[in-house]
Amino acid sequence: MSDVLSSYPLLLRGAWVTIQLTVYGSALALVLAFVFGLMGGARSAWVRAVGRVYVEFFRGTATLVLMYWLFYALPLIGFRFAPMFAAVLALGLNVGAYGAEVVRGAVKAVPKAQFEATIALNMRPWQRLRRVLLPQAVALMLPPFGNLLIELMKGSAVVSLISIADLMLRAQQLRQSTGQTTAVFLVILVIYFVIAQVLQLLVRYMERRADVMLGRRPGRAARSALDTLGAAK
Amino acid sequence: MIWDWHFAGKILPDLLRGLVVTVEATLLGYAVALVLGLLWAVLRRSPSRVVNQVVRWVVEFIRSTPLLVQLFFLFFALPSIGLTFSALVTGVIGLGVHYSSYTSEVYRAGIADVPAGQWEATTALNLPRRRVWFGVVLPQAVRKVIPTLGNYLIAMFKDSPLLLAITVPEMLHSAYDVGAKSLRFLEPMTIVGVLFVIVSVLSSLLLRRLEFRYGNN
Amino acid sequence: MATTDSAAQALPPREHADGIRFEGVVKRFGDNVVLRELDFAVAPGERVTLIGPSGSGKTTILRLLMTLEKVDDGVIWVNGHPLSHMKRGERLVPADDKYLHKVRGDIGMVFQQFNLFPNMSVLRNVTEAPVHVLKLSRDEANERARGLLDLVGLADKADSHPAQLSGGQQQRVAIARALAMQPKILLLDEVTSALDPELVAGVLDVLRDIANETDITMLCVTHEMGFARDVSHRVLMFDQGQIVEEGSPEKIFSEPENQRTQDFLHAVLDQH
Amino acid sequence: STTDPGKERSGGGTLERAKQQGYIQVGFANESPYGFTDKSGKLTGEAPELARVVFKELGIKDVRGVQVDFGGLIGGLQARRFDTIAAGMFITPERCAQVAFADPDYVATTAFLVPKGNPKGIKRFEDAAKQNIKVGVLTGAVEEGYATKLGVKKGNIKTFADQPSAYEGLKAGRIDAIALTRISLADTLSKHPGAPYELTEAFVPLIDGKEQFGAGGFAFRKADTDLLNAFNGKLAELKQNNRLLPIIQPFGFTQAELPGSHTAAELCKG
Amino acid sequence: MATTDSAAQALPPREHADGIRFEGVVKRFGDNVVLRELDFAVAPGERVTLIGPSGSGKTTILRLLMTLEKVDDGVIWVNGHPLSHMKRGERLVPADDKYLHKVRGDIGMVFQQFNLFPNMSVLRNVTEAPVHVLKLSRDEANERARGLLDLVGLADKADSHPAQLSGGQQQRVAIARALAMQPKILLLDEVTSALDPELVAGVLDVLRDIANETDITMLCVTHEMGFARDVSHRVLMFDQGQIVEEGSPEKIFSEPENQRTQDFLHAVLDQH
């Protein structure tokens, strides 16, 4: 165990890479989620279809397989991304597909009456979305987005497959050099847990902000079934 | 490295055998997740603070750490306390326990969605605890969350390649095997990817029908 | 289900008359003091109506009686037993589940939102508690339930599901469900206010019948002044967690003394 | 980050490029003692250390590691994720069809890691088959083939992702022995001083009367002939001047593991 | 936002008098024919109350006017322009978004459930549409909003969030919000029926003021017969998607001719 603990700089470096992956990956996923999620609620059937295809394809693909493809197969036909870029792309595309479903569901879950009120006030479609529906939908999205964020962080463990020195890869290296399987895994379990808890605090903070925006008392009462709406990772 | 159809055809049976194991592990793990998750969710409502706080943090821990690490842990650490299961059983337990942390949240939301009036009516009628859960609350809660629970079947299926790491001969394992022997990875990995998409799209179509049946009640 | 405490086994001796008695009851929600040192009593067989503005604490009184809330201070007595407290030796200690289970046996409640179990048929809704609490056989329970469904005019709906019934029908099932436990005290909280105007009459008729044909103690909150006048022996006017006026329906409705009561009745009766 | 596929495939020029940029990227599979990172995170091992010496003398100052799965080494090389494989990869005819091997830098013998005293008396694969015991091997490694061909039942061969896993498997009683190169096993054992296991005597498996030689070497893309030739030249020089052993000795290699006069061409024929 | 069709640019010429006019309007939901060939008209400045049993189609009429639903047949005219159709050359074709946007400018609606935007302060709720639809400057909009909030007695709540207001207050904000768009026609759908009895009076008072002080055309659905009597010029009794009786409030409430009207008024007025 002390062998493992004394190698903490290595693990910290790995954890830092894991955090970077999480930040970049979730930034990409967020953008994709909004683009394709809003497409999924569009009036045009064609636009909706594009959204569906994206969601179905990338939800159905295991990140592991996707990463292999980006890393090993694409260069053979002339596209070579830096490993970090490939990893972020794979994580972002995958989690973005789940996020798109969250966005679509949340916009749909804003009470229909709100939509009707915007019509009665003669707002334009874009104004309806921008001023009324999205602000309320975002409040509904936060809890499932929080879950997806943790998913992404955990999912990043597979990037060790494509040569990125994240926490998991550092752990494997440490196992190789010390032979201490149980100790190494125990330590990184704790590190992953701590990272996850910090992310949760962040999400909670944003949820409280959203509660204030909606004039609700801070409290978790508003989290009901929607909580799990996008949680299906 | 150009695509070789002949080779692809040759390895397909191997990969399909792997798929059978994948599906088997997923289904068994899912059963574990459904039952265990329900148990967590009910324990979370326990009046005992100790019980519900312990359960809460255990579930939180399971939920926020990678399945891959948990699998290694189960596979290598459990035998040291005298519990030796086969790789497949370990995999099933690992998947099941990991996903029980998700299903428990789903059940919890379903239970929280049962109107307070239902609980109050059971109190007013003096119903015993067992009837409150099994007669009133769970039937309503579970029905509501069936579509959400279904999503986790797909998610779990997609996580099953991780069992590769603990020597379960699932599909990706077969692909690696074939690849290591032939040194051709393009075909096996691509076929595995395609099979994954096919199976998950099919199941998500199925789930949509389920959702249609139960979702709008 | 072994009992650890034999004092809780039998109900403590009756120290007060039968019926309901509030003694210095205080109830707070956070900073909001909803009931402040409330005292009042309802005799067995008496039918009392609570009126008062929104937020005055009427529902809270019923919920305290049904043990859905806990008092912060004071004692509530039901048929001579303290509610939410029990005797251990000489001291009154907070009641445990087992004790609450016992005292609740005398009380039935009908909710504003009916709260029928949507996953059970109408018949099952009515038989559920008799079978599992009173341990009646299924046949006995069914027989009793059919009698009650008949009473509320829904004999033919026994096998329907609540979702297939109108609000008024659901509320009548809820009444039957409460009566199936043969409570001595029936609590009614605005049982018609969630109903469409046209459905109200049917429910009130059923309650009138029950009032006339049984000697059940009734405590109801209602805005239906006509019903209150017809059915109740006594009306209590609440405001800010206190009784500001009480008396026979005739007196309260025709010559209220208190200014608050006058204003309230004016507001409620005038809108229509 | 896109590249010109035509130029990619024609390859070549890698040596020049590496000299210019001052470093070369090598692929390794995090397998001790062939190529791995030490506790401080530094790339080391038999192959990387050798690479440092050779490439320095070729005018390339720095060696940078890219870690992938063992199974991903050849794919990564072809995808130009790195320019050579420094993982002690065995030279086999199948692999020769995909990549160009340098001459071997070590030869390996096989051994078993078994409980102290070797209670089952396992010396060769044939014994394992007879005793009906469970043998652990690594995914994609040659030992699985040996075991199968020498009569060990498929159900008794357990594949593990890496050495530490195999070791844990042995410790947990999931397998009775690990079959691997003597070098690897000695390395594993050295990390667990006092563990109740021992190495069996090294041997060379015989299949159909033919010795199964394990010899490992660097691999390059087939197009990179300039790099391959330069490497081979330097390696021959090192062998001649007896400078090879001092480089790889720290990782448990001995005189017995020196490659002698074996060449890649010979090993590629099988 | 270039227009592809210049015919839609300007509103078509007025072919009917001002006000509202339903001509043979049919509305179905699936097999359920809710409005069958409905004809009626409301003059500019007239205040009309719709009454009728639940499900008779009252809400549907208001929703059609607010373009929240589409007619299946017939034409609705608002201030001389066809609603839900527009002229292209000589033909009437279904209206596009741009055209709907134009005709909606004349109409405001207050909903039963208020439907305030929870993500905005009260002031923002009232200024949002004037700023973004009418393109008023923020200052102008604020000024107008404060005037209206004053009118509905909520000047001091401008910075609160809707969730912090009582139902009656929320409804008054909703009225201010609708008025801020200065519609010629105001649609009110049971605006008090989601409120606690004591909060109803305040909202009705505000509406009475508006009725007395402006000449806005009002079409309201209500069960508040007192309010209907005080405010409206004309009452329309609906049943099964048709007008079964119409007349002045005095006539309808005191001497209804139609049997259905008599029954309905009897049921509604009697419960209280």
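Here the chain labels run A, B, C, D and E in written order, and each chain numbers its own residues starting at 1.
The rule is simple: a residue touches a chain if its C-beta (ideal position, glycine included) is under 8 Å from a C-beta of that chain, and two chains touch if they have at least 3 such contacts.
Labels paired with UniProt names: A = Glutamine ABC transporter permease; B = Ectoine/hydroxyectoine ABC transporter permease subunit EhuD; C, E = L-cystine ABC transporter ATP-binding protein YecC.
For clarity, every value in this text was computed on a predicted model and none was experimentally measured.
Student: Shared touching chains for chain D and chain E?
Tutor: A
Student: Hop across touching chains from chain A and tell me the fewest hops that reach chain C.
Tutor: The fewest steps needed to get from chain A to chain C is 2.
Student: Return the chain whose centre of C-alpha atoms lies at maximal distance from the corresponding centre of chain A.
Tutor: Most remote chain from chain A, centroid-wise, comes out as C.
Student: I need the rotation angle between the copies chain C and chain E from a CA superposition, between 0 and 180°, in steps of 5.
Tutor: Angle of the fitting rotation, chain C to chain E: 175 degrees.
Student: For this structure, which two chains share the highest number of contact pairs?
Tutor: By number of C-beta pairs in contact, the leading chain pair is A-B.
Student: If every chain is reduced to the average of its C-alpha atoms, which one ends up farthest from chain B?
Tutor: E
Student: Quick one: chain B and chain D, Cα centre-to-centre, how many Å?
Tutor: Distance between chain centres: 37 Å.
Student: For chain C versus chain E, what separation do you get between their C-alpha means, in angstrom?
Tutor: 41
Student: Round to the nearest whole Å and give the separation of the Cα centres of chain B and chain C.
Tutor: Centre-to-centre distance between chain B and chain C: 46 Å.
Student: Which whole number of Å gives the spacing of the CA centres of chain A and chain B?
Tutor: 19
Student: What positions in chain D touch 2 or more of the other chains?
Tutor: Correct list: 72, 75, 78, 165, 168.
Student: For chain E, what residues touch not just one other chain but two or more?
Tutor: There are none in chain E.
Student: Which chain A residues reach two or more other chains?
Tutor: Chain A, residues with two or more chain partners: 68, 72-73, 76, 181.
Student: Please list, in label order, each pair of chains that touches.
Tutor: Those chain pairs satisfying the definition are A-B, A-D, A-E, B-C, B-D, C-E.
Student: Inside the complex, what are the residues of chain C that reach chain E?
Tutor: Contacts found on chain C: 53-54, 196-198, 200-201, 223-226, 264, 267-272.
Student: In the complex of these two chains, what residues of chain A are touching chain E?
Tutor: Answer in residue numbers: 111, 113-114, 116-117, 119-125, 127, 131-132, 135-136, 139, 213-216.
Student: In the complex, go through chain C and note every residue touching chain B.
Tutor: 66-68, 101, 104-105, 107-109, 111, 113, 115-120, 128-129, 132-133, 177-178, 181
Student: Under the touch definition given earlier, write down the residues of chain D that touch chain B in their complex.
Tutor: Interface residues on the chain D side: 70-72, 74-75, 78, 94-95, 97-98, 139-141, 145, 158-161, 165, 168-169, 171-174.
Student: Spell out the part of chain A that touches chain D in their complex, as residue ranges.
Tutor: 3, 6-7, 9-10, 13, 68, 71-83, 85, 160-163, 165, 169-170, 172-179, 181
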